[in-house]
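First comes the structure, then the notes that go with it.
Each chain gets a letter, A, B and C, in the order it is written, and its residues are counted from 1.
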Amino acid sequence: MNMDLVVPIIITLIGASTPILIAALGELVVEKSGVLNLGVEGMMLIGAVVAFAVTYTTGNPWLGILLAAAASAAASMIFAFLTLSLSANQVATGLALTIFGTGFSALFGQAYTGKPISIFRSIFPEALATHPLWRLVFGHSPLVYFSLLLVVAVWWFLKKTRAGLILRAVGENDLSAHSIGYSVIGVRYAAVAFGGAMAGIGGSCFPLLLTPQWAERLTAGRGWIALALVVFAAWRPFRLFGGAYLFGLVMTIELYTKASGGTGGVPSEFWAALPYLATIAVLVLISLRRSGHSAAPACLGKPFLPTN
Amino acid sequence: MAIFTRRSVLKIGGASLALPLLGQAVLAQDGPLKIGFVNVGPKDDNGWTFGHWTGAKALEAEFGDKIEITFVETVPEGPDCERVLRELAQQGNKIIFATSFGFGDYVIKVAREFPDVIFEHATGYQRSDNVGTYNARFHEGRAVMGTLAGHLSKTNTIGYIGSFPIPEVVMGINAFTLAARKINPDIKVNVVMLSSWHDPAKEADAARALIDQGADILVQHTDGPAALQVAEERGIVGGFGQGADMSAFAPKSHLSAIIDVWAPHYIQVVNDVMAGTWVSDDSWPGIAAGEVVIGPYNEKIPADVVAAAEAVKNGIVDGTLNPFTGPIVDNAGTERVAAGAVVDDAGLWAMDWYVEGVNA
Amino acid sequence: MQFRLEKRAEPSKAMLYLTPIGAVLLTALVGAIIFSLIGYDGVRAVREIFVTPILNPLKWQDLAVKSAPLIIIAVGLAIGYRANVWNIGAEGQYILGGLAGTGVALLTRDFSGPWILPLMIVAGMVGGMSWAFLPALLRTRLQVNEILTSLMLTYVAIQLLNYLVIGPWKDPMGFGFPQTRMFTADQLLPHIIPGTIVHMGVPIAVVVALAAWFVMSRLVFGYQIKVVGSAPNAARYGGFSVNRTIWMALLTSGALAGLAGVLEVAGPFGRMVPSFPTNYGFTAIIVAFLGRLHPIGIIFAGLAMAVAVVGGEVAQTTIQLPAAAVGIFQSMMLFFLLASDLLVRYRVRMVGSNRVEVTP
C-alpha cells in the first residue's frame, strides 16, 4: 500500500463512519438522560427513506435531511410516549420501534426503488479540493462537517451547559433531579427526540452520501453498530468520534486489502465481528478500571417511577 | 385443459378414494391456469427479482386470461418459504416458480406433498418427478463484457465485486477474465467478495476501494446499482448493469448490461404444462435462446470495440466460440484445461478455482 | 376534563387478561383503517392476517411449527425478565444452539442410532448456555450491563455462523453453496402427526412452558426469581443470592434459546444455512411481553405472533399485501400492548377541569 492511497482511504472511511457517528451521538444523549432506545436501526431506516423520497421529489437534499430528522424524531415520539408517559419497558418498545421502522421504510420506499438521485456533494468550490490534502479538508459532503460539529456540540452541551448538567443528573439519579424540581420526563422526551432526529440524519447519509438510491434495509445493521459504539465510547463524545473512525477503518481497510488483490488473510467474518467483540472488551476494561462500577448512566433503561 | 400425463393419471387414480376423478378434471378445466412465483427480494430490486417480475409480465402478455399469476416477494430462504410454497399449492397454483437457490430443500419437500403441482426451481440442482430446475448461462454474457473491458481498460485493472465464491460467481469471474485477457493479456482482475447478498453501502465502498487502487472498469455480481453509481461519480471508464439495464443510474458509465430474460423459459414451461408434455429436467440456455441478453452499448464505445463484442456474442450464438476453451491456466499456474478442450457443464458447476489474472 | 392515573394496590387481574386481547383487536382496527387509507383492502388484509390462519385447518400445522421456537425462547426470557435480568441476545444463543447441534450432527454422520438426536439436543442447550455464560459472568463479576453484552454477542454469533457454513462446514457435494450437508434420518426431528409438518419441537414447547409454570409458581427458585426481580434488597435479607439468581436466569434462558435453535435446525431446516437466523430471538422478546411474562400467556402470545406471520403470507398471496406490512402489524400490536400495560397497574379516573389538582 502506498502513500497515494492514504487520502482516498481516509475519505472512504470518513464516509463509512459518518452515519454511525451521527446516529451514535444522538443515542449517546438519549442514554445520558437514562433512556435506552434500541430503535436506532428502525429510525435510521425511516430517515434514509424519507431523505431519499424528499430529495428525489424536490431535488433539495437540505430539505431531505431536515424532513428525515423530523420523521425519525416523530417516530421516536412513539417510543417516548410509551416508555416515558406510560412507563412501558424500554427494551421491548425499542425493538418494536425497529420492527416498525423496517416495515414502514420498506412500504413507503416501494415507490422509490430503482430511481436515482445524485450524491450530496461538497459545498465548497471544486477548485479548493484539487490537491489530495485540500480534498481532505474541503472535499466532503456537508453531512461530514455536520457530524464533526456535532461531536463538539454534544460534548459542549453535556459538559459546559446547565441544560447538559440537568440532563446528566436526570440520567444518573432521576429521583434526586425530580425532587429538586426538574421535569425528568420532559428532559427525557427532549433527549429521545434529539436522538431520533440524529438517527434520521444518520440514516439520510445512506442515500445522500454513500449510495444514492433507495433499497429495502439500506442501512444493513449500522444502527446496531451505532448502539455498540456508544458503549464502546463509554458514553463520551470524543471517544465516540475516535471509535466511529476506528470502526470505519476496520470496515474500510478490509475492502482496500481485498481490492488491491490481496486475500486479507483473516476471514472477513472476523472483521465483521470485531466491532462487537471490541465493544465487549471495552465494557470489561471500563469495569475493571473502576472496580465494579460501569460507566453507564445509573438510570439507563429503568423507568422513572416517582413515589407519590 | 385437462392435464393427463401417464404419471398424473396414476396419481389421481391412487387418490380416487378421497377425490372423485371427475372432480379433479373439472377443477383443472375451470378457470385460468394458476401460476405462483416465490421470490427472495422485492420486485423493484432492479436486479434479480425484477428479472423474474418481467418474466411473469411476459407470461401475462403471452397467455392473457388463460393464466393467473401470484407473485410473492421478499420471502426468506428457510422454513418460511416452505409455508409460502405450500400456501400457493393449496390455493390451486399448478405451476410454482421458486426463484432463489436457498428455496431448494423446501421445494423438494413441498413438491412431495403436491404431486400434481409442477415446481420449477431457479439456480438449483435438486430435481424430482415434479421439480425441474432452470438457470441461464450468464457467464456467456460475462465473456462479452470481458471483451469490452479488454479493449477499453487503460489501467489494465478491473474491479470485480461479488457476494460469495459460489460456482455461479466464480464461473462469471473466469469467463470475464478469459475474454478480457484474450484481448489484452496484461489485464488483471481484483475481486472483492462482500460476504453479503445485500449491503449497498458496502458495495459502494468496495467500488471506491477498487477505483482508488487503479480499477477503471467495475463488474458486479450483486443486485442493485451501487457500484455503477460510484463509477459514474468517479468518472472512470465504466461498469456493467447486472441483471437489468441500469443506464438510468449511470448514463455515462453504463457500458452495457447482462439482462436476465426468463420469458422464453417461462413461456416454454407453461406451454408444456398446458400440452401435458412437461417433464422434469434442467434447463440452462444462454444468449442463443434469448435468456441472456446483452444490453445496449454505451454510445461512447468505439465502433470497432462494439464489433469485437458482437463478434464474441455471435460466436457464442452460432456455437463457434466457447468462453471456456483451453488452454486455461489457473491463477496458481496449473493448467486446468488442455489446448482445444472445453469445460463441460459439470466442470462449470464444480468450478472452485480462478483463472490466471484473477486476484482473489 | 382531564384524566388522572391512580396506582392500583394490586395489578388488575381482569386487565391482565383483557389487555392483550384489546391490543390485538385495536391492531386489527387501526391496521384496517391505515391500510385502507394507503390504498389496500384494509378489512380484507385484517381478515387474511388475523382470521384466515385460525379458521383454515390447513394452517394449523404452520401455526404450531412457527410458534414452537418462539414459545421456547420466550419462556426462558420471561424467567430472566421476572428477575430483572435483561437477556436480549436470545438470537445469538439460538444460533449457537443450532450450531452446536449441527456440529454434533456433522461429527456423527457415519453413525446411526437413537442416541444421536438427544445428543444434538443436549449440545444445542449447552451451546445456547455458553453464549449466555459471558453476559452472566460479566454482570455478576463486573456489573457489566447484560443488555449490551448479550446484544453484542448476537452479532458475533451471526458472523461465526457465516464463517462455518462458508468455510469449514460447507457441504463438499453442494456445488460450493454456503450450507452444510443435509442431516441424516437419525439427526432429524421425528414428525409426530403423520402427513403434517408438526415435529417433536411442538410438544417440547408445550412441556417447556408447563414446566416453567410449575417452577415459577410452585418451587423456591420461582419465588426467588420474583423476589430478586421486584425487591433485590429484600432478597438479600431473605438469604437469596442475587448473583446466583442472575446466573440461573441467564443460563436457563440461554439453554432454552439454544434448545429452540437445535430443534429448528434438526426440524424445519434439516441442515445449517446462512439464513438460519430468522429473528426468532428478537421476536420472542415481543412474545414474552405479549404473554405477560407468564408461561401459559406465552403459549397464546406465541400462537398470536404465528398467526400474524402466517396470515401475513396469506395476505401477500391473496391480496398482494407487501411483506413490509406484516412488520407494521407486528410492531403496532406490541405498541398497543405496551401502552395498555398501564391499565393493569393504574386506574384511569376522569376528573372535571375545575377539580384538577396542580401538581408540581
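As a convention for this text, contacts are C-beta pairs under 8 Å (C-beta built on N, C-alpha and C of every residue); 3 or more make two chains touch, one makes a residue touch a chain.
None of these values were measured; they are calculated from a predicted model.
*Asks:* Farthest from chain A by Cα centre, which chain is it? Let me know.
*Replies:* The chain farthest from chain A, judged by C-alpha centres, is B.
*Asks:* With contacts counted as defined, which of the two, A-B or A-C, has more C-beta pairs across the interface?
*Replies:* More contacting C-beta pairs are found at A-C.
*Asks:* So what's the Cα centroid distance for chain A and chain B, whole Å?
*Replies:* Roughly 37 Å separates the two chain centres.
*Asks:* Please report how many Å separate the Cα centroid of chain A from that of chain C, as a whole number.
*Replies:* 28
*Asks:* Two or more other chains in contact with one residue: find those residues in chain A.
*Replies:* Residue numbers touching two or more other chains: 106, 110, 216, 269, 272.
*Asks:* Name the residues of chain C that each touch 2 or more other chains.
*Replies:* In chain C, residues 162, 166, 322-324 touch at least two other chains, as defined above.
*Asks:* Enumerate the residues of chain B that touch no fewer than two other chains.
*Replies:* 42, 74, 195
*Asks:* Quick check: in the complex, which residue numbers of chain B touch chain C?
*Replies:* Contacts found on chain B: 36, 42, 70-80, 82-84, 86-88, 90-91, 101-102, 105, 125, 164-167, 170, 195, 349-352.
*Asks:* Considering the complex alone, what residue numbers of chain C touch chain B?
*Replies:* 58, 62, 65-66, 162, 166, 175-178, 182, 197, 264, 268-271, 273, 275-276, 278, 309-310, 313-314, 316-318, 320, 322-324
*Asks:* Given the complex with chain C, which residues does chain A contribute to the contact?
*Replies:* Interface residues on chain A, with respect to chain C: 36, 38, 78, 81-82, 86-89, 91-93, 95-97, 99-100, 102-107, 110, 181, 216, 221, 224, 227-228, 231, 267, 269-270, 272-273, 276-277, 279-280, 283-284, 287-288, 292-294, 296, 300-301, 308.
*Asks:* Going by the contact rule at the top, pick out the chain A residues touching chain B in the complex.
*Replies:* Per the stated touch rule, the residues are 5, 8-9, 12, 15-16, 106, 110, 113-116, 119, 206, 210-213, 215-220, 222, 251-252, 255-256, 258-263, 268-269, 272.
*Asks:* Flag every residue of chain B that touches chain A in the complex, lowest number first.
*Replies:* Its residues touching chain A are 41-42, 44-46, 50, 74, 159, 188, 190-193, 195-196, 198-206, 208-210, 212-213, 215, 224-226, 229-230, 233, 248-249, 359-360.
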